[in-house]
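Shown below is the structure under consideration.
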């Protein structure tokens, strides 16, 4: 029980400190910007540890973070191999192909009103196919290895990027378009010089959402058949073996990799859409 | 209905491609079977066979349509073989999950935009939460909920909400921050509080972002509900149909369930698109 | 000049005010060593070359920018505090109407925020729409209006509620002479009736002279005040006062001040 | 009536006919029991459900149960309605595999999720590494169905005599085109489909009594199912909420299941248990369990139930 | 008046032009029965009350709006065709700079589109930046500039390439008198040098008279042309021409025309 109360006290203290820090004039500093979310995370972990130990939750239901950490440090080669298989081969390649295809489709759809009226509804439809349904089919088509995982990722990221890009391409102001009209700018010139820059805030929305979807897609697709490596394989296998510490170790790797991936895209966004009010206001 | 013709044209093209793919993907099996039986088959026989296999790699459109029609209209809607029945089970969890997820997403986004502490601490963890493969923890979630007596719709809806809140957060944070400096300054001169700024400026300005997010998130809700159905005993719902079809290699059943799910998702997206158009028109933003 | 002592009637008081923007390619000194006292009921015009800091100064008064040097008080308090007391009506240089609200909706905005009753909102909207000649356009959206009409709508928005201090950044820039004359007269009437304190940015020398009790001439980068001209014209000003000798003299002094300021730069 | 929840290892099918029969024919009710049967699925680890308190009794394979026991979840076998194992490896004849010696260099489909233990033990007894290459076998995590074999992504796949094997046949591949290796015949059979409960709860006499009645009724169900396979299959079909099962398949499955339950009255045969443990301990470098478990089974319930 | 025959030098020709906007609460007649001929090398000013259709007319010439009645030709062709021939430089009433481009980048935009070489782009940007007194601001982003500076940047953008027809919608609205005078002079020089045809919307009567060869006075809703005044001033115009008798006479006529137009409405 003391574990539980300790954790709760820690939580309250950390929250107060965070609120103070975020409100303070140091809030803009790099250290603080790193420290605040880190402390929040540590708080979550302490709460978790406290609850698991305090309430005596069995390790086969939910292992404490300390046990997970031990597993991580003890199984680095396995985790690394899984990471390469699932994230580098499956998720990343699928992400690049899927986002690229969605982006090009959006531009193509936008180019032709005919396609826009014809393809968009059908595109919505195709892209709304649930992953659990397509994964087995794609595994059947593309084989067990990472290619089928990449294909699942392609299908998963396609829709968010498509929808956001189409919305973004429509997000120009009248005067901005009129200006291009007075130059008699060609379609492509208008696209590259006006509509794509103006669409970027939307496009990055899609790209950000797609980062996490790519990870989920690659991992989940492995549930439906895989070689005997990969994060999804490990997770599904180890759940059956009740090795939940290993399951959570994989999840931790996924979370760290996913956050890093997201952070990368967010940093790119910041560089590309520096002019947008949502970025300009914040230093 | 100006859009009927384009849709039909696109559909026609897809169906044609699909038939071609059906022949191509299924022919291997036909040839293998012929080889096992030791007979020669002509190309015409191959085509005929590939379009009517029981366990095709890719079922032909008419097979899927048949399966779909049988599932939708061929059964009493209360029957366990009816896709309407399973679709409804999934839809109800989807809608509840979508409502929870959207509400939560908007609340989080508002918190993030208005409160620095939340901005700095919550966002990174919201992101991390989405990298957890839900299908992996869904069984545990279901087990935990079941142990406190929650079963049926709610655990599924929660998994669905978990998948759907994130697109809303990302889109709304951006949307709520999209008003430009002058628009914000105007309210400052009125000394408008956070609540007024939200209501009168940030929310209306975020509408285009919100709707783009909602479309993504409703599709995610559906996926969540289906994923949630698998570990819940996979007894009813489109997820269960997909899974059992998959388990027994009944490709046609999978595709029929898949299409039912996609029709559902497309319908939901279209409804949101309709609301979007209406709202934007009322706001004078429609073009 | 009376800007050394603070009287009870002082509304705006700047002492050694400076404001520097930090940009990626170095600091921009927008305002430097600005000293000014504005009394209650004053009508102060700011005039100066483009980019000299007029907008920045008005924004600082309204607590939209924060000075990096010196002190600035409004009604004896920090501008921030004055803003919290809802002391300001502000007309921005660009109309800045919310695109999702109709014209009437835009004018209603401050009224909603300040909690006026529905009935009063309606009444006031009607009144100010008439004041700026936009009757019948209440239901249109901003993009359905011409540039000048948008600007008038934004003036109406600032007039709809009774702020003690009106800050107007080139409100009549996009209006034709005749409408402008009419609005000038209306503004003077309003000012005379309500004893508001008005800060007014303009590029038109006659307009500045016609309207103001005090004309502040500024010079560019870093923005400084080069002259403060107290008008000797009576408070009651018919339009034809503009042909009077006094008027022309003041206008001349303003023009000289401006020219001198420009000399630095151009 | 006393409430009791049973977690199945897999989806509703004739593999669990005995329990559904007992439920439908009122055998449980006669014993004063109100039994809830929870179907399983590819995502459900029965061991985890019981650990989380989601069920009182679970149907599980012994390798998984013993592995869970070693992980700290004290499962105890209270009854064993299945006498023999139905697991086998089914290969395409055209792949050239005629005996276990031919496996090397081929790709084999295996179920994981706790079902991989018998396979791993067998391979280590054969001395074949499962890491691929010319000297070993390439292992695929097999999904839900028999597609890997039909699509020739694997030379052999895991099948159950009562289920997946017939799906291969139904797909149109003749029995003559297939080569099968039953684990039973290879001497590496492990016990399947036993009933397991948590050890500490056994000490509670009230719970023990419930279990006794439950096992008695369940075995009655099983024996009824063995005698009336077609009716039993229909009962299963009625209980399938997904509506995906077909009558023909379930009737045939019931027929095969009856062969596996035939030799059992419900009580665990200690020799079978020892053989299972020996197989699992022989797992080579990475054995499924590292030492012979203690207290992993009991006749406490069956002794009373079968009197 | 010479608007009955079309000479070889005719650039813009409107006959019975009408333009009606369909809005949710009924049609808005923005232009009605407009007849006008503009010859090559003309400098035409449009003046008229706010909302009378000046912008709409300019937009129609640039093929940004499509007339609902009558005919409009530019260089003898449809406005659309003329636009495709890149006949226009347009300065909008609001600056409309792209926020993701620097000032220099914004000015470069038309040059990129029209395929000028890199070197020439650079050279032209420098030149027009100097013309509008924005040297040194090329690397700033639009939101870092004052309102008047943004407007000057947008003028620079329209001047950077040599369009035959310059359409300017209140380009100098946000500028102070002195900068305005300077830019007026520059514009006249440019016009004299290049023989461009210029359409120019302004609210300043002196500005219109000073710059134009032809002053078009419009009256409000539905926008009609009430007077077309051919200037008798010489093409060479020193600033002090504004004190000449002729100038004052023309200005008077314009003012009368405006007042008459206003009478209808206010």
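First chain written, first letter: the chains are A, B, C, D and E, and each begins at residue 1.
Here, a contact is a pair of C-beta atoms (placed from the backbone, for glycine too) under 8 Å apart; a residue touches a chain by one contact, two chains touch by 3 or more.
Note that the structure is predicted; figures quoted are calculated from it, not measured.
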item	value
Common touching chains of chain E and chain C	none
Smallest count of steps, each to a touching chain, taking chain B to chain D	1
Intersection of the contact lists for chain A and chain B	D
Chain of greatest Cα-centre distance to chain C	D
Chain B and chain C: spacing of chain centres that average the CA atoms, whole Å	53
Whole-Å gap separating chain C and chain D, where each centre is the average of the chain's CA atoms	84
Centroid distance [mean C-alpha coordinates] between chain C and chain A, Å	49
Centre-of-Cα separation between chain D and chain A, whole angstrom	38
Sequence positions of chain B contacting 2 or more other chains	57, 135, 139-140, 143-144, 181, 230, 243, 246
Chain D, residues touching no fewer than two other chains	42-43, 45, 48, 52, 143-145, 147, 151
Overlap residues in chain E, where contacts from two or more other chains coincide	94, 143
Chains that touch, pairwise	A-B, A-D, A-E, B-C, B-D, C-E
Residue ranges of chain D in contact with chain B within the complex	11-12, 38-45, 48-49, 52-54, 143-147, 150-151, 167, 170-174, 177, 240-245, 249
Contact footprint of chain C on chain B as seen in their complex	182-183, 185-192, 196, 200-201, 204-205, 207, 283-285
Interface residues, chain C side, partner chain E - complex	21, 23, 25, 28, 47-51, 54-56, 93-94, 133, 139-140, 144-149, 152, 169-170, 173-180, 182, 203-205, 255, 258-259, 262, 265-266
Interfacial residue positions of chain A with respect to chain E in the complex	173, 175-176, 178-186, 189, 193-194, 197-198, 200, 273-276, 280
List of chain A residues in touch with chain D within their complex	58-61, 136, 139-140, 143-144, 222-228, 233, 236-237, 239-243
